[in-house]
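First the structure, which I've put down as structure tokens, then a few questions once you've had a look.
Chain IDs A, B, C, D and E follow the sequence of writing; residue 1 opens each chain.
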Amino acid sequence: MGKELLEIPPDTPVYTGSVTDIGCHIKLLLYYNGSELIKKTDLTVEQLKDFKFHKGYTYWISIVGLNDTEKVQEIGKIFELHDLTVEDIVNVHERPKIEDFDDYLFVVVKELLFDRESLKIDFRHIPMVLKDNIFITFSEEWTGIFDFLLKRLEKSKSRLRQRKSDYLCFSAIDVVIDKYFKIFEEIGEVVEDMEDRVLKEPDETLVEQVHYLKRELIFVRRNIWPLREIINDIIKADYTFIYEPTKVYFRDAYDHTIQIIDTLESFRDILSGLLDVYLSSLSNKMNEIMKTLSIIGTIFIPLTFIAGNYGMNFRYMPELYWHYGYFAVLISYVVIASGLIIFFKKRKWF
Amino acid sequence: MGKELLEIPPDTPVYTGSVTDIGCHIKLLLYYNGSELIKKTDLTVEQLKDFKFHKGYTYWISIVGLNDTEKVQEIGKIFELHDLTVEDIVNVHERPKIEDFDDYLFVVVKELLFDRESLKIDFRHIPMVLKDNIFITFSEEWTGIFDFLLKRLEKSKSRLRQRKSDYLCFSAIDVVIDKYFKIFEEIGEVVEDMEDRVLKEPDETLVEQVHYLKRELIFVRRNIWPLREIINDIIKADYTFIYEPTKVYFRDAYDHTIQIIDTLESFRDILSGLLDVYLSSLSNKMNEIMKTLSIIGTIFIPLTFIAGNYGMNFRYMPELYWHYGYFAVLISYVVIASGLIIFFKKRKWF
Amino acid sequence: MGKELLEIPPDTPVYTGSVTDIGCHIKLLLYYNGSELIKKTDLTVEQLKDFKFHKGYTYWISIVGLNDTEKVQEIGKIFELHDLTVEDIVNVHERPKIEDFDDYLFVVVKELLFDRESLKIDFRHIPMVLKDNIFITFSEEWTGIFDFLLKRLEKSKSRLRQRKSDYLCFSAIDVVIDKYFKIFEEIGEVVEDMEDRVLKEPDETLVEQVHYLKRELIFVRRNIWPLREIINDIIKADYTFIYEPTKVYFRDAYDHTIQIIDTLESFRDILSGLLDVYLSSLSNKMNEIMKTLSIIGTIFIPLTFIAGNYGMNFRYMPELYWHYGYFAVLISYVVIASGLIIFFKKRKWF
Amino acid sequence: MGKELLEIPPDTPVYTGSVTDIGCHIKLLLYYNGSELIKKTDLTVEQLKDFKFHKGYTYWISIVGLNDTEKVQEIGKIFELHDLTVEDIVNVHERPKIEDFDDYLFVVVKELLFDRESLKIDFRHIPMVLKDNIFITFSEEWTGIFDFLLKRLEKSKSRLRQRKSDYLCFSAIDVVIDKYFKIFEEIGEVVEDMEDRVLKEPDETLVEQVHYLKRELIFVRRNIWPLREIINDIIKADYTFIYEPTKVYFRDAYDHTIQIIDTLESFRDILSGLLDVYLSSLSNKMNEIMKTLSIIGTIFIPLTFIAGNYGMNFRYMPELYWHYGYFAVLISYVVIASGLIIFFKKRKWF
Amino acid sequence: MGKELLEIPPDTPVYTGSVTDIGCHIKLLLYYNGSELIKKTDLTVEQLKDFKFHKGYTYWISIVGLNDTEKVQEIGKIFELHDLTVEDIVNVHERPKIEDFDDYLFVVVKELLFDRESLKIDFRHIPMVLKDNIFITFSEEWTGIFDFLLKRLEKSKSRLRQRKSDYLCFSAIDVVIDKYFKIFEEIGEVVEDMEDRVLKEPDETLVEQVHYLKRELIFVRRNIWPLREIINDIIKADYTFIYEPTKVYFRDAYDHTIQIIDTLESFRDILSGLLDVYLSSLSNKMNEIMKTLSIIGTIFIPLTFIAGNYGMNFRYMPELYWHYGYFAVLISYVVIASGLIIFFKKRKWF
């Protein structure tokens, strides 16, 4: 990323994502006060340019595919977006943020993706533009995140149809937050599973996995904290296109982001604790092993020495000729072994 | 939780708790300035709807059982609660919070439950609505948390009977906080017991228990911090239905929440310290064991070698034929062992 | 504590301390502008009730013994203290705090006690009431904390006699803070002693003591932080009975509390560091022991094997019959041992 | 540095950098509203002094080489810079900072340099002065950091040519930030490489490298945090020479600094975690080794003892004469070894 | 310290330092606008009392030796210092602080001393009083800290001579800060040296030294943080005797204190990291040692057992009589040893 940034002037938008085999699909939905819902899919940029936007209606324009930066620039021109906004739309490495350009509000959020097998957490860049009665969402590829929103819009009695574009904007953000909950639940199960394993059957791959998940959560954190600030900003600042009745919903969304952050922090705490438990669990094992070795070793070492002693071939070793010599040695075995066992018992070694 | 949230529009209340085999029990208490207390139990929603609320009286409506969301919605309609409030009432995963809807105050607190055997800490969702002279409490199931409040109400001379609904609200929150104290005292005993064990007889199950309790306290923390903010909010903000004379009591409650947080933090500190002590205690044990093994090992290894040497069957080994050979070896045993013992003594190995 | 709190309504004061075999001793001191000091000891509550307080004088009432809650309640009534104040006076678990009840100021501080033998740190609850020209101190038992204050009051030229009750209040708090200094000095010596021991002769009881002291300091912290806030409050807020000229003294006291907190934090830092040093010191010892064992072990193991080999009783072992066999073995001993020693030397094992 | 500072009065500028074999190279670029670009390289200080600056034009003066402090002082006099500014220009140890001297704005940023082989991170001091239509950059040596900016300036249609000196200032800072991104990407690769190695082939040099990189990042941190504050200051404060339309670009730059800080913090988190993983990985290895030793050791020790026992040369050892004695011993070998293996299996040692 | 504080009323100044064999040396310097510098050394308190101070001149009074508290009290009276100020002047344990007493400004800073051999960091108490055109510095003993300031004053053209007493005050604080830089540079070298040693030749004394230096830095921290606050206060607050043009210099000094704090924090970070590196380095060593022991041990143990087996004296051991028995055993040695070596190689033990 850095390299390109250094060689390309900041006034040229550059697509920094990985999805490049997708065109630029434009879908337009319009409705007014709960009575009518018109869908237009696969519009061309020209059709969008020629489209007449009316005051009473609410418009939702969904653009999928950001790699064709020229088309995004043209769309930007239609809705009079600032050059910087267009650049931020196609730069998928941009952090979640909110920016108020007097005649529109620019919001960037991130969809969360989680692969339970590899523990890989990924993000999808979702820039949004709110402009009076027009709401525009951009996404890199089809992830189905807004499908459910669409279904709700289709119900003519839904709260969504009865409200303005700012409620649509809230719902879009809410859907993204709900996705966080869903994925955090999955992560929670993974973490619980790790806890079970660390206490029952700790092995080295677990450390790797704990480290990896901790690392991934660091990146999640970088995307969730600004989300909280965004929503807080919407509640506190006086943005032109966010009306008072919608703010109570954002307040609810704010509580949810805090809940998510709390959950994230507890994951981090638990995972950090896991490594300690793992190490203490290893130490325990080690201790037990060493103890067994020590006990058996220290008991037999003196006995073996005695045996070795009477295995010597000196011509003059009086004991060897004593009739009960062997039995005396056997008895000394028992005495020494018992003595050591008693000594270990006293020190609570077993 | 996440899954349902994603498929159900935010405008439908969903009960997310686990207590589902309970109906919706409504109890109504009314009284005015210390003179009269009327109890009506097992009211139906219809009876509640038809009930006439008078200005001079203070009403406490206690609703137990939240899984019948339709009834809760109807109750919400009777008291003109916002849709979001109704949703938050039945969503037991909601964090403690306070929300001011001009014509009522919505407070969510959490009852703490602790099982000393399994160290499991649990929460019960307790949403409350304060509306001028009406105070409504919701709970998932009968936990008896408000029994004591009831007893106090029955005494006609109690402070409770002489004050308004805001004092009732304070008392309800106070009862919840007192429950925290009670449970924290139990946890304190458990922690102290763990401290004793880690120093006297550390075993592996202890690590598991410490980790588990630490983990549970992380979740307790997530519920106590917002509680503090709620009470602080009540003191600082100018909520319509909280009158000045009650605020001094809330200030007291605020001190208690800080005391609880302090206690919680010290539990966390102590438990974190315990793991270190445990590890150092293990290391100590290990050290002692290794030392014993090393001393016995290093003393006998050279002796055994000497014995082994003279056990060889070479035809020409002059020492073997020397009359005092065996005694010389015995003396060499003593010399070597003494030398090593002195060496170890000097190095302070025992 | 929790249990009682749950069963007793918040409007009944409960003594929660441990000193129960003491009555309620009332002492009254009065003086005006440096000219006169009158002492009245062992007053009864009735005598106190009938006592006439004059404007020009400054009164210091010292009450020792809080377990007779009824008497405390009566005293509360004499000086028109709020119910909550009376409850807080007898509840020794209350945190240090300041509360402004328009017609009086209620301050709670804690006297620190330290037993150097057992490392036990204890607290004594000291509530104070400042009411224009009347200053009341409460204490659970005779600890002599205010003896020195009394001596200073007896000197007619002392600054104390020339100033109002707010300076008396400052002096009382100052005396408590000075006690902290004194005890922190003792703790500092204990900590230094622990540092010496951990580096010179680490043993397991040290870990226990470090853990115990750390734990005690956690509790000290919970009482010192609010003290700082109290004094800061006195400086910043405009309390009716604290006059401007006294504030400069409180500013000095504030600096002292910060100094105490700094000291406390450095104790905590040092103690935390000690455990690490202890562990590394243990590891060092272990390393040295293992090294010795390894060196002796690995040198003698091959030699013993060779000896064992030629101790076998096979009929056909050509070496045994070779005249210089034994000497060859002796030489091989030297060669192998030297080789291993050189190997260890190279690896810097000793 | 300290020594010189102590002996030289603060009113004498001292060059504290290491690049001393470079003169003082002055380059001047001027242009107005996108029409004209004039470059003058290798100007002398005298030429600069005599140069006439016109209102309509934007001037960029680039000064390379700071060790000739007298020349820098003279340049300072030409543009009426405060003595402290001149001192800060030549003191390369100065932190990044912004200072508003009514008639000019003084900004210090740091260029980041990274040597992947040695993991050494270095800084180059880049002071900047913004004075209405004049923008001055200083640098210790030629690092090519502004080359790209120059190229952009040469394009007459670039945004840079159409805007004022404040946009030039933004672009200069932006180029510095982009350099951070580029280098952080490299560091990111190094960190990822370390992660791979710690899990696959941990060796001691890795610890050294992790420690070294952590250490270097501590210093990076000290230079990035103030950078963020600088940009925030530019956005918030009302500096005379920063115009409103440029602030939106600084807002973007601010987001980038936060992204950089986030990345830095995650590097630190990951590196800290790496050491733990390394230690646990070592412990694992140790455990495996000890286990093998213990198992082999404890199995053979008793067997060797038995063998030793029957190697004794007592005249009266009845077993030796029993015909099946040897076979009984062989069987006892098998029984004992199997017993121990079963014991170890049960304890899950392998 | 505590003990004395408890027995001596707060209205008596007590010298708490260790330098007691020094009198009270008064030096007075006066000058006006760069034209004249008069020095008067070894003044008596009486001479100082009778001295006439003129408006136009700037006076610097340097007092060395604080153990004669009576003289300090008299000096306090001459300049009308508050009792608390006098107490703080002689109490060397006072934290750095700034206090505004309407008619003068009281500043306490600390000179840093460092003994590289013992790693001991010490402080010297430097109280200062700024009173319109009079600036008074106090010090416990001659440390030469202000010598350089004196030299600069002697140059009639120095900035110092052309400015007022507030610039003199700044210069005095600046000199103290420069001393911090100098000493931090030395500490930096010590830390770097420790880093080298921990990686190359870790020994136990290093842990002791790291711990000791960390401990000393804790105390340094307690003196530097308030210093930063003091300078910030000077910049922000509107102190009567600090004029606007001097504030820009204090802003520079503020940047320096932040730089010092940053450096201090990085020392702490590095030192904390060092212990981890040390432990991992120890573990590494241990691992290597154990590995060698294990390999040699586990290879020879089975071989020795075989030798022992055939050393038994059973009458009926068929192998002993087999002609190639001995050679078979020798071959079995090679097979077993090779097998184990291959096993260890596979597990990457060497």
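Keep in mind that, in the parts below, a residue touches a chain if its C-beta (ideal position, glycine included) is under 8 Å from a C-beta of that chain, and two chains touch if they have at least 3 such contacts.
Everything quoted here is computed from the prediction, not taken from an experiment.
S.K.: Rotating chain A so that its CA atoms sit on those of chain C: what angle is that, to a multiple of 5 degrees?
M.R.: Superposing chain A on chain C takes a rotation of 145 degrees, nearest 5.
S.K.: Would you kindly tell me how far, in whole Å, the mean C-alpha position of chain C lies from that of chain B?
M.R.: 26
S.K.: Rounded to the nearest whole Å, what is the centre-to-centre distance of chain C and chain D, using the mean of the C-alpha atoms as each centre?
M.R.: Roughly 42 Å, centre to centre.
S.K.: In chain B, which residues are in touch with two or more of the other chains?
M.R.: Residues 279, 283, 286, 290, 293, 297, 301, 304, 308, 311-313, 317 of chain B each touch two or more of the other chains.
S.K.: Pick one for the touching-chains graph, please: line, ring, star, complete, other.
M.R.: Contact map by chain: ring.
S.K.: Should the ring be read from chain D with chain E in second place, what is the ordered list of chains?
M.R.: Order round the ring from chain D, first step to chain E: D, E, C, B, A.
S.K.: For the complex, which residues does chain D have touching chain E?
M.R.: 1-3, 5-7, 9-11, 82, 84, 88, 93-95, 97, 99, 101, 204, 207-208, 211, 214-215, 218-219, 222, 275, 278-279, 282-283, 285-286, 288-290, 292-293, 296-297, 300-301, 303-304, 307-308, 310-313, 317, 319-321, 323-326, 329
S.K.: Using the touch definition from the top, list the residues of chain A that touch chain B in their complex.
M.R.: 148, 152, 158-160, 171, 174-175, 178-179, 181-185, 195, 199, 248-249, 251-252, 255, 258-259, 262, 266, 269-270, 273-274, 276-277, 279-281, 283-284, 286-287, 290-291, 293-294, 297-298, 301-302, 304-305, 308-309, 311-317, 347, 349
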